[in-house]
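So the structure is just underneath, and the comments pick up after that.
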Amino acid sequence: GTGTTSGGSASAGSGSASQSGENQKDPADYKVAVLTIRKMTTPADLNTLEGIERLRDEMGIDCKIVECVEIAEYKEQMQAVCEENYDVVYFIYDNFLEAAKELAPLYPETLFIGLWIDLGEDNDIPNLKPLHFRSEQGAFMCGVAAALKTETDQVAFLGGGINPGIVTFLAGYEAGIKYINPDCELVVSWANTFDDPLKGKELASSLYSRGVDVIFQAANQTGLGVFEAAKEAGKYAIGVDVDQSDLAPENIISSCLLDHGFATYDSISKAYNGEFTNEQVYYGLAEGIPVIALNEDLLDEETLTTIKEVEQKIIDGEIEIPKTTETK
Amino acid sequence: MKNELKQSILRLLIALLIGLLVSSVFILFAGENPLAAYATMLKGAFMGQLKFMTTLRWTVPYMLAGIASAVAVRAGLFNMGLEGCIYLGGLAAGLVGAYVDGLPPLLHVAACLAAAMAVGMLWLLIPAFLKAYHGVNEVIMTWMLSYIAVLLCQFLAAKFQRSEDITSAVQQVRTPEILGSAALPKIVERYQLSVGIFIAIAVCIVYYFFANRSRAGYEHKMVGLNSKFAEYGGVNVRRVQFCSLLASGAIGGLTGAVEVLGVHGRYVHGFALDMGANGIMISLMGRLNPVGVPLAGFFMGAVQNGARAMAREMDVSLDTVRILIAVIVICITAEGLYELLRIKKKNREGD
Amino acid sequence: MLEIIFSEHTLMTGLSLATPLLLCALGGAVCSKAGNFNIALEGFMLIGAFFGVVGSYYLHSAFAGVLTAVLAAVLASLLYGLFLIQLKGHEVILGFGFNMFAIAITGWLLGPVFGGKGSFYDPATPSLEKINIPLLQDIPVLRTLSGHNIIVYLSWLAIAVLFILLYKTALGYKIRALGENPKALSVNGLSTVKYRYLVEMIVGVACGLAGAFLSIGNLSMFTENMTAGRGFIAVAAVGFSNAYIPLTALASILFGIANAVAIQLQGVGMPTEFVDMIPYAMTILMLLPAIRQNQKKAYN
Amino acid sequence: MSDVILELRGITKIFPHPEKPVIANDHVSLTLRKGEIHALVGENGTGKSTLMNILYGILQPEEGEILLNGERKTFKNPRDAIAEGIGMVHQHFMLIPSFTVAENLVFAFEPKKGMFVDKKKAAEIAREISGRYKLHIDPDKKISECSLSMQQRVEILKILFHGAEILIFDEPTAVLTPQESEELFKAFEELKKAGKSIIFITHKLREVMHIADRATVMRKGRVVDTVEISRSSMEDLAEKMVGRRIDVTTRKIANSDFPPEKERESVLTLEHVSSGVTPSGEQLKDISLKLCKGDILGVAGVGGNGQGLLVEAVNGLLRNIKDGAIAYEGQDITHSQAYNVRRLGIAHITGERYIRGVSADSSIHENMMMGPHRRSPWSGKVFLHVKKLRELTGSLIRTFDIKTSSPDACIMELSGGNIQKCILAREINLAHDLIVAEEPTRGVDIGSIEFIHQQLVDKAKAGYGVLLVSTDLDEVLSLSTRVVVMYEGEIMGEVNPELPDARSRIGRLMAGVQAS
């Protein structure tokens, strides 16, 4: 086995001893499964696919994607890959967390890497590595951009559905707006679906028609409709997950980034190289990960400098960003 | 009965065969060998403890939902609100399981199941009453109520969600974990199959006796086939319609409860994706027959599970798997295919 | 708040949201009149939506997109017809099956056709122009009827056309006879099979247009499962109206407007779940007047 | 010899069946002369309808040929037949309920104005053609609101509109009252005068004698004989059909067999029963009746004068009884529903054979179980006694001589007469002491009629009360101990069927003329 943490000896945060190349597997034999909670369709997922491609092209590691459409599949699919002797089980979103916690001790040879898992200091499972994005940081900076861009002092957030992940975006965004302009009004709208662009468009155009001029969408496919509405109304929108500004260059002022692809490549390649630990990893500004993409054609100098300042303050810890909010 | 079983199996096999034929085009396109893929599928459904257990694990809700739907369809009513009942039942079981404290295990499980069945039944009380006694179209009514039920469950579950669940980036709305006393024990600790399968089997047996041996079951069937005949023959048609929709709701609730108590350990919103539609499909695939419905449930469980293994182990996409299942569903009731085959066989025998 | 909810914008949104429902429901109503309870509308619409984008993107014309959408949906509906009419499948199961098939095949085709996954969105895809009606656009309230794309107008035209077709033409007589007593056709020497396929073609055209409206009428994109259950609401509208075309149309438009109102209610403080319930609750309420009617029938 | 217009030669039709193919027509030959009325008679299931369906192009024969005016023709579908001037009125009407009479009449051959159907023209056509053949219809009425006889007139006019020279009628009088049949026969005469030729199927030999010029008798898929009616008799025809002599009309019951009415218990009493008006315009008005054990109370009347409602009222199927009281053995059942009434043991031989009488998609056994399924000894409180029920079905099939391969065969595979026997068997078995028999022999061949009549008489003799509702005056007269006549929802009067002039008395009451 390649697991560096077999046995209970490897304690948390021990920065495990990297293994020498001799008992390294051939990359073609290194089995990696990537588990997702839906079909790989959202921008972030496409980003993951890029990471997977990079793994294949640069390291020769082939990842098997396992799309778990039903909630009930999470555990059985994970267990199936474990039984099929995969070396690494990489899963995205903590919907898998319970299953991983249960299965990791049962299959100690397998390395579990979970994205969007925040266990902080108290991870006592040696073969489970938690990764987490500081999504509130990007959202905060998008809030800053929105508050600076708006002329009507009305901005909006359009979420695909109320779940804690999306609420974190909202919380950061709200804080960012209030940081710049406490009087700026934030309208929150929920589509309650992630794959209905027409509804997204109608929701957005309704928001624009009532005076809102910047909308931050966190709603996958539904959100694509927001850009259409922005184009039609000549107003602004903020993208999510990846730099979406090419979808509507005249309208998208910035995008809140979540570089799933980087996380995938980074963690799996490290595991392959024997650098696996069970330490918590955060992906955020402080760790040197970009969290926002700016459309410089649409933002003036002043705004850009303010955003730069805010970024520095976040890195320095001067700004505390909430992860949840009561506004809904 | 033996004949019925033989026919049911034959029909399932024909549909499976066509499904496999069609999807092999897509598998070839992806550069895989269809035969190898299907071998994987077969292995994925039955080979090894995990795989077989998983097939059975899926058979449980399919069987239950199938029977829930069959109970209504036999009386000539479509319970399009099955999905809503499953969600509501799951939520009720999840809440009773998490918040009612101090009950001994068996009693606690019973309380959860009873609560789920009651909620499932109550949800259909109004449409059942309006259908039976005022002739209001039950299809649309239950269907709309199903959408409402799912939304309501989402809302309520969010209200019961604990704050420690919220701080992480959970993508789901879910209620707290049920207490140990409410959980349906797993048959083998590490696998998802729980003793819920015995509940499902018990329901099947009850349905068998109800359908084939009981007075009420006979009356249900006649109401479904020709309600005028039933009325003339002295059946209380309205009561039968009323009861059958309620019974369907109750079994729907039970389906949700068994999933929640046996598999998920808590109510997770979205846990029964399309289970209502699947139930209706399975009941019709099994021709409402006490043997056919469980068989169709098992078949669907095996196909789904096998197909997942195929997608996992081969370079076959989820869409190909979905195409396979859709083609099976389309072909399964196509009487024409069956006749075509039979007549061919007859001709050959005649030569 | 009230003026936000009952604004012209709401009406405009409502008409736009109603269009796919309306088209599907009209197609479904024709089917229903001909004795086929068709729940595969969703699937036909999705196929229409996908091929709408395909046509529009590759042929560089939104109009060509509409044509391909209709063509593809008609093919799908004919296939459905084959299984229903000649292979004698169960219409409910066939409906489920075709809906599943549509999601799967469009999802799969996204790869080979567009090289993408999950969605296809290229701002360069032509979409249908909005058409303003000269005089109408200056009249308050009524101006909401102007400024839609061609499919919206077609859908309104379809109400009249299908009504006239069903109730005024010889063909319509045959279609309705099919639903009430198919033997009446065969003893008069007419082929029921032919007319049943024809009806499937009509529903194919309607759903194809609805799909094209979704993908290139309003958005110029395709995302997986973008019909989002609209076909099912259309089925509900058909059932609710007993497939009587004017009522079907009214129900669909009311649905659209209810959806628009629900959208406007966002951000007013009502939980989204309840906002989303509005259209469904409304349907149930619309069914209730039937109680008294049925009572009269039973006891008179 | 008048010229032959149509000749069928050696027609053979075999229906495929997994176990045993059914030979419905076995080298059947038949000739039709121009301007004649030709009756086709035979037991249930001898292949009469099949033969006519072949002639009309609905079915294709395995063997044989059709010659029209001496020319060989093949009819691939009804349109071919229509084009050659053949029209057919089916056993079950082929009309569209929501369409108007005129729309039905022109269906598939609509007059057009531009693209649209010209409804005005259609109504005109309807009026014109109905005037020409003296068949009254109301062109603007919906079929769903029309009486059966009006529907039949529409069917006839429809084929005349198609330009038919040869008209085929499959049991046209089965659903008609004698008066309506009389009207139909007048129309036949009218058509004959216009030079049309008619083939009609019937089980009523009286009608054959009355109207037909010749008759062809079929038995078990073969033609037994074709006879000139003028040189034949009813008994003769009956014997050819069944293969044995049958007593066709004589009275089967004698009032002297019973003690006087006063000494007998009453089973059913109706006192001043009135109901609301149904959509078809029927109503019960102040009906009072008393039925005693051992009585066969005949209810005569032109169809649609409330007899149906009377039966429904007794059996708990009528929901809008406004006034009055119905009592069964002293127990009030006025507002009881069918499921209450049925438990008391009232048997109901329904007239709506295919609508209510059977579950068409079920087996014979399942149809026979309805009723016994909730009675001991065939059923417990919750569970059925499956074996006992099977025995019951078996014994009923045997005693009532129902011709079937197995009790598990689908009931619709039986011929009409055998289906009627199933209903009869089930209901007679269920009866405690009252049998309501509504049109018990409609569409049934004479052999079976004799059997059914015998059953009813036997039951009466065994002390059952029988309420016999029939539009067939012969039946009422030959079976009843007492006869009441209904007219427009009222009881017009009572007649003793043993009186020599009973028939004419009843006839007058039926026409609404109060007895003096």
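Note that the chains take the letters A, B, C and D in the order they are written out, and that residue 1 is the start of every chain.
By definition in this document, a contact is a pair of C-beta atoms (placed from the backbone, for glycine too) under 8 Å apart; a residue touches a chain by one contact, two chains touch by 3 or more.
These numbers were taken from a predicted model, which means no experiment stands behind them.
With every chain reduced to the mean of its CA atoms, the largest distance from subunit C is reached by D.
One inter-chain figure worth recording: subunit C and subunit D are separated by 46 Å, centre to centre, where each centre is the mean of the chain's CA atoms. Work out the mean CA point of subunit B and of subunit C, and you get 29 Å between them. For this pair, subunit A with subunit D, the centres built from the Cα atoms lie 77 Å apart. Subunit A and subunit B have Cα centroids lying 35 Å from one another.
In subunit B, the residues that touch at least two other chains are 151, 318. Of all residues in subunit C, those that touch two or more other chains are 107, 273, 276, 298.
Shown are all chain pairs that touch, namely A-B, A-C, B-C, B-D, C-D. For subunit B in complex with subunit D, the residues that touch the partner chain are 209, 212-216, 218-219, 221-222, 225-226, 228-237. For subunit C in complex with subunit D, the touching residues are 164, 168-170, 173-174, 176-177, 180-181, 183-191, 298-300. Every residue of subunit B that touches subunit C in the complex is listed here, in rising order: 26, 29, 78, 130, 134-137, 139-141, 143-145, 147-148, 151-152, 154-155, 277, 280-281, 284-285, 317-320, 322-323, 325-327, 329-337. Contacts from subunit C toward subunit A in the complex involve residues 4, 7, 9-10, 13, 16-17, 20, 107, 117-119, 121, 123, 214, 218-221, 223-226, 228, 259-260, 263-264, 266-267, 272-273, 276. Of all residues in subunit C, only 83, 86-90, 92-94, 96-98, 100-101, 103-105, 107-108, 111-112, 232, 236, 239-240, 271, 273-274, 276-277, 280-281, 283-284, 287-288, 290-291, 294-295, 297-298 touch subunit B in the complex they form.
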